[in-house]
């Protein structure tokens, strides 16, 4: 797994090329700007050349991007798979061409990646569940009816999130699940689904929504029923809209996963690999399909509530301008400690 | 064998009085049996699936759900209305969905990043739609590129542009309280709703009566007054039923503390009716509409008759993209935000499917505005009805399967009624 | 000065030479018959005049002025009205819609004046002797061959034009209807219209034509006055391109009238 | 004006010897100028965009990338081949993509959950495809439902079925080392590659020569021997160049530890050539193929000539779905796994786009097998060329935009060459 | 026994009654002319025999046996060959392809025997007097009106059938070609085929027909032997449905020969 010599004539003797394969633009906005920006920054800091591609949710596209990157002569490939199958195909392709792979954010089960750098997605789900149970709208209630709106079933991470929050919520005393539907990471679907759910269960107290964009849809429906703020709504990704809703009190919390937690680690790791080292990871994760112990770097997520809502902005994860675009929101922002220039 | 007594000659002398009604009904039945079914199959299909969901899904016909259904159907219907024009020419616009997405993104950016007022944003989005339509129409009509390829290219490109515009935020949330949001989320005051209904019914009756008098004065066979009265009463009853049900308070929870009410029809209904009237009128009563049908039916005949075919062709793309822009705005209003993948996915297929289920042909020359409305309602009923039918985190698999099956059933029903109409 | 004149017109479709060096003229008040064997190029000539095909060589003059005819609209603007052999009706429109296509009547509110159009359409059809069209609100897709042809002819009658060209207008017509159309042709010419009639029926041609132009394999074999030739001579010209002193290709240009 | 000397009469007497060659070339040029361009525009378009990417993107024409291009193009081309049949009848199969996905999912499930051997799995997937095609064809031909609606319904339903089959894991991984994976990831031994090329060229030459002799014996104008020789040499040279470049070792990184070689053409190439030959032959030389064109050109004429139109209609859906199943298997081989959203997204649009860019009409009656191959290559070149062109944050947005633009350019180029062909 | 016999046939399209109570017969060796005004129902009758329309009432007998004709194939199987008025050619196929459509020749390997077909097609066309079709490999879309009609006729000639029905076959044909087709009609009848000829040209009808059937507004006005009537009487029957003792609706059923 070392690339001390490279046969590629176009590459300099010491390979500094790192390829990054990102999955899509819909499952989370992070893949569009947060990750590319942070990765690029880290690459520059580590004097590496990074090639960052986004597969637009198509496994075939990712496959062809992988081939193109290998053709470029990258020595390390960061893969955020769309699914484990295509991820594995890419990793074996890379292996065939003697390129080291790192699973970035998503574990390729059954794959051959040398390292796994991520947030712990089951943990994310568990945090969501715990935070929802602590929301003021439901805290201390003896009987709580809630519904789930999951991410796309085609996305393994969505399955992991659901596994996390369901394991927590099912153990909450007095909580009953009134319904579970998938929102497909799509706000329109989420809105349709939740409209019907609310029609059926007008007395529900909490909505376990997998991310912020879908939470927005849920809040839309609640608003039309004057219920916004009276029902606990969860979220994830700390998007600008999500933070707005948290400040407004219509959303109870969101999950903040600073990209730096993954990008910094992954790029540093890549630099070490390219310079010929074989770093030892602090932990391992067991691949559920083949019981392989994958050396892992796992970061912890942060739950964002009204109390610490300014954190993503002060970190630079979101800009104040995008969180507070209108005068009304500027006021709300300053009340919550976000300074707009 | 009684038919023997009726020779196949022209029956030009109009009959009046009660005889006219009998003639009218006889002709109508003969036309029905001859296969000229108009909107009947789509209506029957709509009633059947509505009944189906009303049975399996209690509360499906509640005022609450009816409103949800209407506001969910609005963007589909608006887009389908525009698509009818393109389909009438035997063309396709694969990019209508993403055009809508792009235009709503432009609107959102104007609103939020440039601080413009809502109508500047809407105007910007609409103008963008018109320009897009013009360029695509020009490429089709003048450069001669097949519309499937042009709009496949723009389908991809606009998805990219929307993503670039909305960027890494994933979605842009429209300012709370903006009139834009009201379109799908606020309601027409009750008195205004009833007034508008009155105006609509009166207008309908007036047009029908003026038509009939004109024909009578020209010595042509006119629709009997009895039929007109029946039709007007029918429209008035349907409208009243809808307005009445929409007038009920739909708030699910009311108690001593909360007394806000949700009642009245959504403004989107007014928009839909307005757009329908405009385009229906354009298609059925203007030279332009006649020319659209002619070009769709036989382009060469239209060209020889002096119709400027390329201008018609460009115009339908302009209308389609303009309506797509409006549809995008309505969708944004529904979601109170614009996503970076707005208009992608199945948006377009469902809208085209709506037009086709309504009775519009993909080969050009056959289609009406009402097709878009009825087909759009069918699609919306299916989606709304399905959204809660199957539970579980992997429910979407089953839901897709059942959605497909129901769609097929609705269309199959339609086909059986039409008895082997070929599209 | 000729109302319509073609000089040295040539037209090829890829390897097929449909017309070459054709001279032709039609005068106001005359019925000019254009005859020729199948595939001689008659319809191609008509389409060139109608702006459906562009000529490769030569020119088309209307009232002595050379004209660029790129679109059917150009021809219509010059007062040329044509019934083509392939009738080109929009099958999805009704009889009225087809008859007024491109020239719909509108009322004050710019909406279609259906009543006037419907009345006019019915009148025109019955004036052409068609009694079997049940309703002018019928789609033309369902009409019989002759009925379709009548609709196409009626369409051209509705407008007052300077030049009327009919490409085999009576091919599908019955005995009575044919009479009506020939009558119409005569009346049009008497009104001062330059009428060009393409036909395979020699009886009809000899009956109504003032001048006869014969195409043979894409060339003008001869254009002569009706009274100067016999039916046998015309048939000979059609089938062999020459008849006695008439119709030698070298002379054909001068032979016209 | 020299044309004047050539009257428009039948030229039935065949000319021989060097005169024949002159006649042939003259006719060919006249046909070209008359607008019968065949595959010329698609070929020119392909060359132009290849040149474009070769310039902006160093290494685009390397053996490594050429192989990648071919294996990426394979599933698109196979699906487009099947779609050509459906399009020839003026129908559409929106579900071809998801049919492929479903069939590959069935295959994967047979393989992995039921422990069947690979060929049972492939057979299962293929049979499923054929059955699906039959049902859809039946619904279209007998029940008379528009194909757009049928296949929209199955498009949704099969997406759901695939999701149910594959389940929440997101994907199922095919067993390593299975012959299935070899299809797209292993290579034909060099000697076999050259042998197959030899057989192909010899067969091509034989057919052309037998044809020419047959026509000569029947007293008909035949292609001159010189032209045939030139064509055969052309095919042989192209084939050799490809086989040679594919024979180079493509492993970019070799060192003391790794010395594995990647050389030879992928097996998928053999599959593509085989499928192309079969379907090309079917369309151009069998009664069935003739009937497909006839039904597409004028259904009523075909019916009156005794062609069983409904049988032809069903058969094209069967072929299309069968090919979609094969395409699904090839895609699974490429990704070494089957995704729960296999065949969804843009899969279908790109395949239809490929056929249309190649020159197939959406209105039926016009299209050839080579269209699918050339159009598929155009699409694959664009996707491959784009996949690494733009770097930076939000690159995918820009990539979409540029992909759309390039697609439009390729099609626009084609349109300009064809000079206003109408589709 | 009649080769083809229709009894009390009726057919309506929605409100339009195209045929009602029609009796008609054609005998082997005879040319039976079917005449009538535009829209009288001739083509509808032909389409009913050809299996394109199903009759609403009555029955169709071939060689005395009632037949169910639901598809054009059913008619072809009974040896009925029809040239319809709307020619129905596949524009995207060439002349050979259209002429052999549905009955392609194949060689041992089940592949199309293009050479034989091409030769036969060229021969048939030239036997019909068409000299201007440049190549039988041309698409029919580009043919002239008469050339298209010839291709459709040639198609029906290639097969030996028991009954041949020609719906206005000479409408678009030139003088010489019309002669050839009438000749062909005569020769077919002499060979023992039952030929039905629909035509508006009274000269042609009187020239070749043995029996004449007249449709008037969807009813059979009369079916008579050629020698029993004059041309004037036939024209009268066509335009008014009766002529002297001939063609009273009440008697029409008995009047047939």
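We call the chains A, B, C, D and E, going by the order they appear; numbering starts again at 1 in every chain.
Everything that follows uses one rule, which is that a residue touches a chain if its C-beta (ideal position, glycine included) is under 8 Å from a C-beta of that chain, and two chains touch if they have at least 3 such contacts.
For reference, the UniProt names are B, D = Xylose transport system permease protein XylH; C, E = Monosaccharide ABC transporter ATP-binding protein (CUT2 family).
Model, not experiment: these values are computed from the prediction.
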Set of chains whose contacts include both subunit D and subunit C: B, E
In terms of touching chains, how many steps apart are subunit D and subunit E, taking the shortest path? 1
Most remote chain relative to subunit E, going by C-alpha centroids? A
Relative to subunit D, the most remote chain by C-alpha centroid is chain C
Whole-Å distance, C-alpha centre of subunit C to that of subunit E, is 28
Can you compute the centre-to-centre distance for subunit B and subunit C, using the mean CA position of each chain? Integer Å is fine. 44
Separation of the C-alpha centres, subunit A versus subunit E, in whole Å, is 75
Please work out the Cα centroid separation of subunit A and subunit D, and write it as a whole number of Å. 39
Among subunit A residues, those touching two or more other chains are 25, 32-33, 37, 153, 159
Residues of subunit C engaged with two or more neighbouring chains: 13, 15-16, 39, 131-134, 217
Going by residue number, subunit D touches two or more other chains at 8-9, 163, 168, 346, 393-394, 396-397, 399-400
On the basis of the stated criterion, which chains touch which? Give every pair. A-B, A-D, B-C, B-D, B-E, C-D, C-E, D-E
Okay, in this complex, where on subunit D does subunit E touch? 8-12, 214-215, 217-220, 281, 285-287, 290-291, 293-294, 296-298, 300-308, 365-366
Residue set of subunit B touching subunit D in the complex reads 90, 92, 94, 139, 143-150, 152-164, 167-168, 346, 349, 352-353, 356-357, 361-363, 393-394, 396-405, 407-408, 411-412, 414-416, 418-423
Note: in the complex, subunit A contacts subunit D through residues 3-8, 10, 22, 25, 32-33, 36-37, 40, 51-61, 63-65, 67-73, 82-86, 88-89, 92, 96-99, 109-110, 153-156, 159, 289
Subunit E partner, complex, touching residues on subunit C are 13, 15-16, 36-40, 42-44, 85-86, 130-134, 138, 142-147, 150, 168, 171-178, 200-203, 217, 235, 238-239
Touch list for subunit B against partner subunit E, complex: 1, 3-4, 6-9, 27, 30-31, 33-36
